[in-house]
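Across the two complexes that follow, subunit A remains constant while its partner is subunit B and subsequently subunit C.
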Partner chain A sequence: MATVSVCQYHRGGFSFENCKRNALLEADINKLGFSSPAARKTGTTICGVVYKDGVVLGADTRATEGMVVADKNCSKIHYISPNVYCCGAGTAADTEMTTQIISSNLELHSLSTGRLPRVATANRMLKQMLFRYQGYIGAALVLGGVDSTGPQLYSIYPHGSTDKLPYVTMGSGSLAAMAVFEDRYRPNMEEEEAKRLVRDAIAAGIFNDLGSGSNIDLCVITKGKVDYLRPHDVANKKGVREDKINGRPETGNYRYKHGTTGVLTKAVTPLNLEVVEESVQTMDTS
Partner chain B sequence: IVSTFNNYNDLYPDWTQTEVSTGTSIMAVEFEGGVVIGADSRTTTGAYIANRVTDKLTPIHERIFCCRSGSAADTQAIADAVTYQLGFHSIELDEAPLVQTAASLFRDMCYRYREELMAGIIVAGWDPRRGGQVYTVPVGGMMTRQPVSVGGSGSSYIYGYVDSNYRAGMSKEECLKFTAEALTLAMERDGSSGGVVRLAVISEQGVERQVILGNQLPKFSTV
Partner chain C sequence: MFLKYCLKDSVPVTGLCPQAGSYGVQDSLRRGFSSVKNELLPSHPLELSEKNFQLNQDKMNFNTLRNIQGLHAPLKLQMEYRAARQIQRLPFLPSSNLALDTLRGSDDSIGFEDILNDPVQSEMMGDPHIMTEYKLGVL
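Then we have the complex of A and B:
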């Protein structure tokens, strides 16, 4: 029973090679007085909903490094196969690489079977890989797609457990998004209503959760068609600076109009200075 | 089992970082001609309910089911592995597998990897040789046959109810009522159990599944 896979899996259990290397690097860096870089996490609100003709996946676009926003417009909806997409929350590197590995293996599998891949197959591959790594791969995923069996939606947790449900949310903003879903979800919605629901759920995460922000990306998957709407909604537009001259933004000009501050008294003391020496040095601007 | 990776101030709440657990109340009862199995439907990550309609009654073979409690990832992985092994064994045998075989497969895995796993499983089903059987495989990997078995965090609250209300030789309907009432009581008291009650009857005729929704649960005195 040979399986065609790109990546060679280790036989038996977790490979601790990189843990040793990381521990040595950590010790070395600390000796020099620096701290190792924090893993970039996608704080995140991601969600998905099954509607009449397929699934709608949604995600925000903020990636954080500790308390700082590292990427204001990152893409969290990853391609798995033409009919299957996956939103990722947790450690950004983990979600990116995991989805790429499974996408690659699924393409090979699809060529081997001669069929369009199934969502359940992607789910199995993802859960078995994540279980093997016992939760050390911090990837929490919302997997959705349409195959010969119909539209399906799965939530996959870092330790490898999965749930097949009609609506799911993941990430730090999942509670806010789930509140919206629990209020307004109905089975067999129309496409516009489903898109509105997902958009509102992500918006709830963006505005109520610190780890989520910026724009709303949507991915509508139906039988034979995928609408990757990035961005679907620019929920947080960057403001325009006030100081403009003739319409062009003038950077660094902090001048205020005369009269902005009221003058109460004025006292002028002339300083009698003698010019002793004057020399000009030209700057080399070549 | 609690696993936390990166305590990032309060940016990522606790429930995004704890492992998913099927808090759970599960139960299985033998009767003449088959078994009745039941479970609640709550899966938690810390204090958040990740799935309120979980199906913890997992088919392993046509007439063999398992009730899962403990770590969701561990029990799903074990159940998938045993389903494969039992299916292969059944094809080799060209015969319906024994419930004891399924239970043994669970036991072998749960005992071998007992340090790494957190899984409490009740295996129940019907086979032509010995009829309806319930085997319990708790945390640690022991395996024993019992006429009635309860498991999961909610089971602590209903041992007294089960011990006092179980009688040998109950009918299918009596077993269903007994299971539904016991699980309701457990769900009432255990925070990690709740949602709906899922029931299944496994017999020679096959598997009948039913769901009892929240408002239809049996009512006991409200204190």
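Then we have the complex of A and C:
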């Protein structure tokens, strides 16, 4: 009805029109015994550590959709600004869109100030946005970077609380990774030692948590340089199929090699046939 | 429970009801049929707070400004807001609100309201005749 839209100013942003309908559908589906499709999550292990010259961020690469692996090699370390990167756990779409929005905002902000953006600015923007949506945006983030005040690492929870710490882990594999950190972390490590520590923490998450798996990605951020190592380590190699060893895929090949069965005797009888008549009949291909 | 939230200055719960017309009762002609069940409670806990978010932010900022700089500061700013809000195109066309955005400082920030449900790309448009008549008060 055209008259319906006379007085409503159409605002952008989230629209809650379908919430009641969705709730009704959910109830009906549950009564029938089915379940509604699950959002793709990154049940994950992400972690970060501050070392002598900067920050090392690490993440696994598995994205799950319920009990199925949706993406075997997804990228969980998102770009925020040239000196700030962010790992995201939780609902994949939420972390993706949130980090992209904050990255755009930070770029506009740094163009306006004329300076390299600070990690604390990104942290503040993220926590204000996540608190505004009261945890309905399921994004748990590990934010790390190096700016004029030095290397910094923040962990941001979906409801909007943040912590500034020297080492953080998030995601379903966070306990496994934190165990490794608590054992081997010490302040002011060297770069190689920090990379090994993060790699081992993510590996602990991959091997002990079902929601994490596949490869280990690392991102080493120092003043003026970023090393995005993807993949840094392929922890879970897929096995090689028997019939592909020769290089050619031979699916369903049941041929046995010569000599599989021992030969006892061999007798050859030639069959002499005479060609009597030869005629060619063309196919009717019209 | 979301209905109990109470900031003294924020827009009250009845702001949820879109059906009230110029006499304060259900305006079936212009807004269609309504049902009490649909209007009593918001369909999502965030619906109310999102609807009033900009208003609440403005109120909070003006209060802070008033406490820091005195009454004149929010007064002058609100006058400018009111002037900028009047710069619109015809009632049924979407306007860019550039002056208002610049005043608010939202011209150098991107949020969900710019990406999702952009009014410029809305598939529905109000009927031009009826909207201009409504704007002029002739309807």
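Keep in mind that, in the parts below, the second predicted complex is superposed on the first by the 213 of 286 C-alpha atoms of A that agree within 3 Å, B and C clash if a C-alpha of one lies under 4 Å from a C-alpha of the other, contacts with A are read in each partner's own complex, and residues count from 1 in each chain.
Note that in this section contacts are C-beta pairs under 8 Å (C-beta built on N, C-alpha and C of every residue); 3 or more make two chains touch, one makes a residue touch a chain.
Please read all numbers here as calculations on a predicted model, not as lab measurements.
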{"item": "Which superposed partner A:157 touches (first subunit B, second subunit C, both, neither)", "value": "first"}
{"item": "Which of subunit B and subunit C A:20 touches, first, second, both or neither", "value": "second"}
{"item": "First (subunit B), second (subunit C), both or neither touched by A:66", "value": "first"}
{"item": "Touched partner set for A:104, first subunit B, second subunit C, both or neither", "value": "second"}
{"item": "First, second, both or neither for A:112, with subunit B first and subunit C second", "value": "second"}
{"item": "Partner chain in contact with A:133 - subunit B first, subunit C second, else both or neither", "value": "second"}
{"item": "Subunit B/subunit C common contact set on subunit A", "value": "134, 136"}
{"item": "Complex interface listing, subunit A residues touching subunit B", "value": "38-39, 41, 43, 64, 66-67, 124, 127-128, 130-131, 134-136, 138, 140, 155, 157, 159-163, 165, 171-172, 174-175, 210-211"}
{"item": "Subunit A to subunit C touching residues, read off their complex", "value": "1-8, 10-16, 19-20, 23, 97, 101, 104-105, 108-109, 111-112, 129, 132-134, 136"}
{"item": "Residues of subunit C touching subunit A in the complex", "value": "18, 29-32, 38, 42-47, 49-50, 53, 94, 108-119, 122, 124-127, 130-131, 134, 139"}
{"item": "Interfacial residue positions of subunit B with respect to subunit A in the complex", "value": "3, 5-6, 8-9, 11-13, 16, 19-20, 43, 45, 48, 50-51, 53-54, 71-74, 76-77, 80, 116"}
